[in-house]
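To start, I am sharing the structure in question, which I have written as structure tokens.
Chain nomenclature is as follows: A, B, C and D, assigned in order of appearance, with residue numbering initiated at 1 for each chain independently.
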């Protein structure tokens, strides 16, 4: 049994970790911390977990976590950075679901997150947790900076095109028009996330620049080894869970000569969680809701030179807690899908 | 392994059975039938099941089902009635998620469902599938007429009050104000169930008389052994899954002298799926969504003589497919919760 | 032209007042105040009003309001109480959409709102703003304490039964099972009103006691002149706007002998905003959304002695801003529907 | 008073026409036809219109319409084509909200709509009803083929860039990623439009080719006089009303040197219904819901060479019924906004 701790269990990624880990056959939940809720039973805050999760929140201290084999951070940026070194040095592996260990360039981190990075050495060691792209590194990592939700969807949508040897597309004019459910904004009370604001409404946000943009470009460059430019526009959908990325790429001559459906199917043939749907398919967010699956389809409308890749994930599962458990499984030599077999909840 | 067949797999209760059974450790899915879809892969209709359910629809004939140990009917009324005898006589046990074997009085059946009952003998033998009330009979049943969704919520809300020996309430002035998500109306295309009609809208329906009314009254009388009258008003909530029953009862002197919280907790102490929440709790449909749990709370506002019982279930799980699998587990001597441990999906 | 001011324009009732008043042919909007937003253009906060509402927020002082003929308070309780006397004494009429001038009993006010009432004399003078019940008093009022949203729906649902001379129902066992959209909770950022919490969810709240309960009982007693007892259970519906009240009454012999449909139609024949729908109708919240209409239907299921009255309003219009403008029209001798003719927005 | 008829009043565009026309000060509604509902009161089908629309459905014959000055067709393609000639020849002006008179090329019409065009001469005469682009022609038209909902949003988003003299963008790599509420699919009962399918879900559809693609390209070419290529991807949003178009264009040197904000503000300065929001704005569908307004914003993320234009309309108003009434106003010399002043319903 892997002894697991969670730092920051009062948000949606924290409660989603609990939902998954509670039924994981190789996990023993040792501690869940929250500065504001010490002593409160987790199930009092999340009644959906009643009778199955019987632990209470504890202080977010090293003491609470020192008997763990692995600690998940489901916290805003800045928190994991402050605690990771002590844990890692004590031999406790860390998976950060937040943003502290994603951007390799500390100047970029500071620009987008508005604070200096206090652990540049750890950052350099940290493995970027997009497992389908960096599996071997994840397996042996002491510290994983898990990929963000949008970046997971966009990178998996593009990966087969970027790893095909010679370029197949114009890698500097990629457009990622992404749509996310409201749970992506977390469980913090803000006017913009109120039901009365978000329901029966649709909008783009952060059009001038979103924190996931540098992560996406860095991630794509790690995959391709070449410079990429992405125009990334996130949108807010009046639903709770789910991301659909609609990605537009301009095919070059090599790309136009390629059987894209075959390329994608071949590329992901052995990936348990990635489903390349048949030609002409239209993945829907409900096809993956509550599960760790990714569903993909690639189109080439009117036979022109623009290809459209559609990729859907559940932002709280493959985009956060599920991908974190998948990483844990890989880090401890378990089958990656252990505890993650749940089928999507539809309708 | 129990060899299982499903008749009528193209609706929401059928697809929900598939979602649950696909991960059930003791079930082998042998056949799923649909007259209109013979030969089509189930996963083409329900992409959420892709890669995990690899069966195709077959003809709804005895031939398709004859190697099963148990057959679920996820069909409109009239269908199970026409096929049940042949199956039962061949030693195949049957669980009808539809309405053919719920109402014991054939005149009542004909009145509410507009067709004569063709199998009165089987109807007499059939066990009413509200497991928490009729467990022993379910275990040995050849044919189970599963309780409907609203009746499950209302009966479980009232059962402790009705089995307490002497009456605690006025059993002829019960009010059941029930609210259901739209999936209760099934996957049939009707204007009233369109998104543009049901979203951002709320209404009562079938106020003058709903088919679940005689089932509720019959069920309560089976529990109490006494005549009951219920005013039952169903409402349509702009959500997909979930029922909340708000039940009002007038306490008599004995009822007013009873510790209702203790009564409920004691009554359901050993029920895996029934959660009596702490005093003052307010169960929400999302606390059970996607799971087979029932969550209950009992209130006595202002200390007056009216008690309010709140009960919530997922109409597609405890109100249909989950309860059906729970019945199957009981019928085959398995732990009732096998394959039904999934925690609610929240948020 | 009536010169109008609004105190507290940053919530939903405030913005709804703006939406209505901007097109009112006899209103000139002089001032809208908000302590926190002084100087900001209203249309910057509410882009839906761009190009049509060109006013900015001003200080919530007497100075800002002194040139008005009438001031609406769209504020939490406690605010109007503190400012009303100065305005009324200056000859400015006041309509409070909040709760300060609803409950006539100061002890009740203090019990339910947790603060003493500082203006008992004004409270005694204030007219309870349910216009269909207290029209003449509203017309000449200096200060109106507008009816709350739930109380409006419940009182209009019951009024014909209570004003019919001799009692027609058991007035001490009334049950009001009410359902409201989330905008009823206002524009304040709280976790419970987040989209991810409220969407795809349904729950009862304040079952043990809601502030509208004493207002409902007081209001019904003002209508009938007799003591009433109501069990009032509010529920939260995953929609933005709308209230449906499902009201259960036990008919006495006189009530059972009455043609209830004729009673209701006769009672409301001359009310512009109250629509008694044909026998058997099922009013939906979308039938009134965005309008000041009330739609009602009365049922007597199974011909038993319980009658079910269904009443629907838009909580932000007839339950707040629309009813406030209706009161203003009455106070200034205008047709009550002036500026309130908008038809419901459906779908 | 303009005497108006509506053919096909049982869908959402038909009922929306009724909602608007019922309050239009210069319109007298003479007839509304529906083959299937002859004799039924309109308000029985649409209770939101009760007490304000007192007309019944009549036969869809010339006889029913011959006393009208103008007839709106709110019908599927093929219907207007069959009736328009008789009306126009009788001096009755026609506005087709359907698709019969949009595509000028009959071969294109046949390709996309699967039927031959029976009125090529009328088609040549018909004016394309995007008023902001073709105002003068609309004013004198006998027959208007109203712009579709998506095409309205995309053309208004791009028009300032296309009419600026020399090209500002690469006109062959335009991407229009569009999102629509479910009412765009109409009031027809189909599984895909059911609440349980569309709620809590998001998907792209018709990615390989949508009927609005040729209309968009034709419309842009009418504006610019040059060939354009658009990749158009429609998506289904779990809301009832609203379209947001996110349009990506690659700026050429001239475009990069242009003050795009000033260009847009100048271009639309005199348009009542088009609101160019301040720099950095993010239009939301709820900012226009229920109104005839268009709200636009233009961004240039990261200062790169891709511009992003956001445009939002209510698909049933500016995308259909409202634009139709705007056309009628123009055709009869009335102010275009007469009867269309309603402010958006938010929240």
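By our rule, a residue touches a chain if its C-beta (ideal position, glycine included) is under 8 Å from a C-beta of that chain, and two chains touch if they have at least 3 such contacts.
Keep in mind it's a predicted model, so treat the numbers as computed, not measured.
Annotation: C-D is the more contact-rich of the chain pairs A-C and C-D, by number of C-beta pairs in contact.
Ranking every chain by how far its Cα centroid lies from the centroid of chain A, the top place goes to C. With centres defined as mean CA coordinates, chain C is found 39 Å away from chain B. Mean C-alpha position of chain A lies 46 Å from that of chain C.
Between chain C and chain D, the centres computed from C-alpha atoms are 37 Å apart.
In chain A, the residues that reach two or more other chains under the touch definition are 12, 181, 183, 187, 196-197, 199-200, 238-241, 283-284, 286, 289, 347.
Of all residues in chain B, those touching chain C in their complex are 173, 175, 177, 179, 181, 196-197, 199-205, 207-209, 213, 229, 231-233, 235, 237-242, 244, 246, 248, 250, 280, 282-286, 289, 299, 301-302, 304, 306, 308, 310, 347. Contact residues of chain B toward chain D in the complex are 12, 181-183, 185, 187, 189-191, 193-200, 238-240. Interface of chain B with chain A (complex): residues 12, 15, 19, 22-23, 46-52, 183, 187, 199-200, 240-241, 275, 277, 281, 283-284, 286-291, 295, 341-347.
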